[in-house]
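Below, chain A partners chain B and then partners chain C, in two separate complexes.
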Partner chain A sequence: MVNRIVVGAHYGLKDWIIQRATAIIMAIYTVIFLAVVGAVSPNSFEAWRGIFAGGFMKFITFLFFVSLFYHAWIGVRDIWMDYAKPDGLRLVLMIATAAVLVGYAGWAVQILWRM
Partner chain B sequence: MTTRTMLFKIYRYDPDKDNAPYMQDISIEVDSVTDRKLLDVLVKLKAKDDTLSYRRSCREGICGSDAMNINGKNGLACLTEVKDLKEPVVLRPLPGLPVIRDLIVDMTQFFKQYHSIKPYLINDTPPPERERLQSPDDREELNGLYECILCACCSTSCPSFWWNPDKFVGPAGLLNAYRFIADTRDEATNARLDDLEDPYRLFRCHSIMNCVDVCPKGLNPTKAIGKIKEMMVRRAV
Partner chain C sequence: MAEMAIKKKRPKNLDIMTIRLPLPGILSILHRISGAVIFLLLPVLLWLFQSSLTSPETFATFKSVVGNPLVKIVLLGLIWLYMHHFCAGIRYLLLDLHKGVDLASARLSSKIVFVVSIALTLIIGAKVLW
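Let's turn to the complex of A and B:
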């Protein structure tokens, strides 16, 4: 294989839209979360647990975490694209990033539905 | 007529003689009437030391030859007012491109990206007897795009272009890409959008607007890039 510069993977728009959509979701969640915490003013573990006991809160918190991890995936992938020059290294770093984020998502589900 | 002495720190590098680049301090008498633009002073500096190398041509901001890094910001020497410059005036070549000598950079990579967007009208229909007409509104869209002089001030101030000059088209190339995407006489709109829909070619742009900050012609590549993305979204949803 000749070592030519190849460019033209023809993707990116979907990620660009999702990065913006997830940012909006996280911003809205932050407002709701602060409003709920402000209203409840939890001062014990049980009170904190109570906030996440309802189905709606579980749903939007899960949505927040999925948004956070997808947003982070695009951002961190961009960092590897800018700074990790060897293609093999970049692939390994991307796989590692994706693996960690999928793991985090599972962990978030486990924590949320344990409450 | 008043004269004053100005101190310049100029990046010097002659690969035939120097092992490494160095900054040279040069003082010069500057006349407030005849030496109004930085290029006037550079002409004087060259008369004093003819080994100093820089590009120049039209001296009125049309050719884009004398783009350089002036006190940390890219600009054209011929459009930069001497009276506005803080001393010592630090002159460096455009960042991110290989230096050929002193303030002269190798722009091959920059023009390669420009050519990659096919900077010409693509229309396979037989040309009409006179010319392909546009409505005044359609023509209006090309304002702020066609004026680009390809001086490379914008692309060489863009970190995304520094890290991936071989893959990212850069603000100048993308502004010109939109100039043809926006042109109602061009028929290759879809192919142009297909070509740019790429994580490297277009989506390295994170809208930090360094390009807008430095453009000596007052153009807005970030806005043009935003319009390309908007067209892609409209096409996709």
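Let's turn to the complex of A and C:
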């Protein structure tokens, strides 16, 4: 028998680690992004688009988006676990959250590689 | 272990009128709220990002949307929520490494989070929005 008390969300070491790893990736990207925008000061469509035209920037921007969606999945799921008590409702909210996030990931690919 | 700790009688005050949430508590609830709000606005943000990159025409739409004074205020609020989540998140990562866990440092670091995130918001807002 597993002898533990139910204390709400925040179970699972794997998710805990992934939430931190994605947080670090997003934090680093945020610094790079602000530095690039600060250095380039894009004030035209071409200059703004130019920032995301290079392979490296595309790659790390995509990495940022994937981290964001995975991070948001864990974070928002924790929030549902704390406030959405009826099992059915909680399940529906979690499935809806996962579904939109997977959709956003596809959308992000399309934005970055079709621009 | 955990069971014993929870069964122990501890003083409780749930009178909503006399509870004063300390700064690290405000930081914490704002961290949750900011994460949730950004999550809810993701489709709008992705749409803005897409419009800004797709073509000169969609870029013009993007410019006019972002040029609206009301939208600017909302975006400034969002930038603040992001910067708060970012700075408070880094503070949590340091706390996870057992850095600054005593009461005095925890209070000081939450003050720093508020000051730095508001300063960054104002700088970014001044540079890109106005």
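One rule holds for everything that comes next: the second predicted complex is superposed on the first by the 104 of 115 C-alpha atoms of A that agree within 3 Å, B and C clash if a C-alpha of one lies under 4 Å from a C-alpha of the other, contacts with A are read in each partner's own complex, and residues count from 1 in each chain.
Here, contacts are C-beta pairs under 8 Å (C-beta built on N, C-alpha and C of every residue); 3 or more make two chains touch, one makes a residue touch a chain.
Here the structure is a predicted model, which means the values were calculated and not measured.
Engineer: By the touch definition at the top of the document, which applies to A:A21: first (chain B), second (chain C), both, or neither?
Structural biologist: neither
Engineer: Once the shared chain is lined up, is A:M81 touching chain B (first), chain C (second), both, or neither of them?
Structural biologist: A:M81: touches chain B, not chain C.
Engineer: Examine A:L13 and indicate which partner it touches, taking first as chain B and second as chain C; both and neither are also allowed.
Structural biologist: first
Engineer: Mind telling me which of the two, chain B or chain C, contacts the most residues of chain A?
Structural biologist: C
Engineer: With the two structures laid over each other on chain A, which partner does A:F45 touch: chain B (first), chain C (second), both, or neither?
Structural biologist: The answer is second: A:F45 touches chain C but not chain B.
Engineer: Given the touch rule stated above, what does A:A99 touch, chain B (first), chain C (second), both, or neither?
Structural biologist: Neither partner.
Engineer: Taking the two structures together, which residues of chain A meet both chain B and chain C?
Structural biologist: Chain A residues touching both partners: 5, 7.
Engineer: Using the touch definition up top, name the residues of chain C that touch chain A in the complex.
Structural biologist: Result: residues 2-3, 6, 32, 35-36, 38-39, 42-43, 46, 49-50, 52-54, 56, 59, 86, 89-90, 93, 96, 124, 127-128 of chain C touch chain A.
Engineer: Mind listing the chain A positions that touch chain B in their complex?
Structural biologist: Against chain B, chain A makes touches at 5, 7-17, 78, 81-83.
Engineer: Chain C touches which residues of chain A in the complex?
Structural biologist: 4-5, 7, 20, 23-24, 26-27, 30, 34, 37-38, 45, 48-49, 52, 72, 75-76, 79, 100, 104, 107-108, 111, 114-115
Engineer: Would you tell me which residues of chain B are touching chain A in their complex?
Structural biologist: My answer: residues 159-160, 163-164, 166-167, 194-195, 197-204, 206, 229, 232-233, 236.
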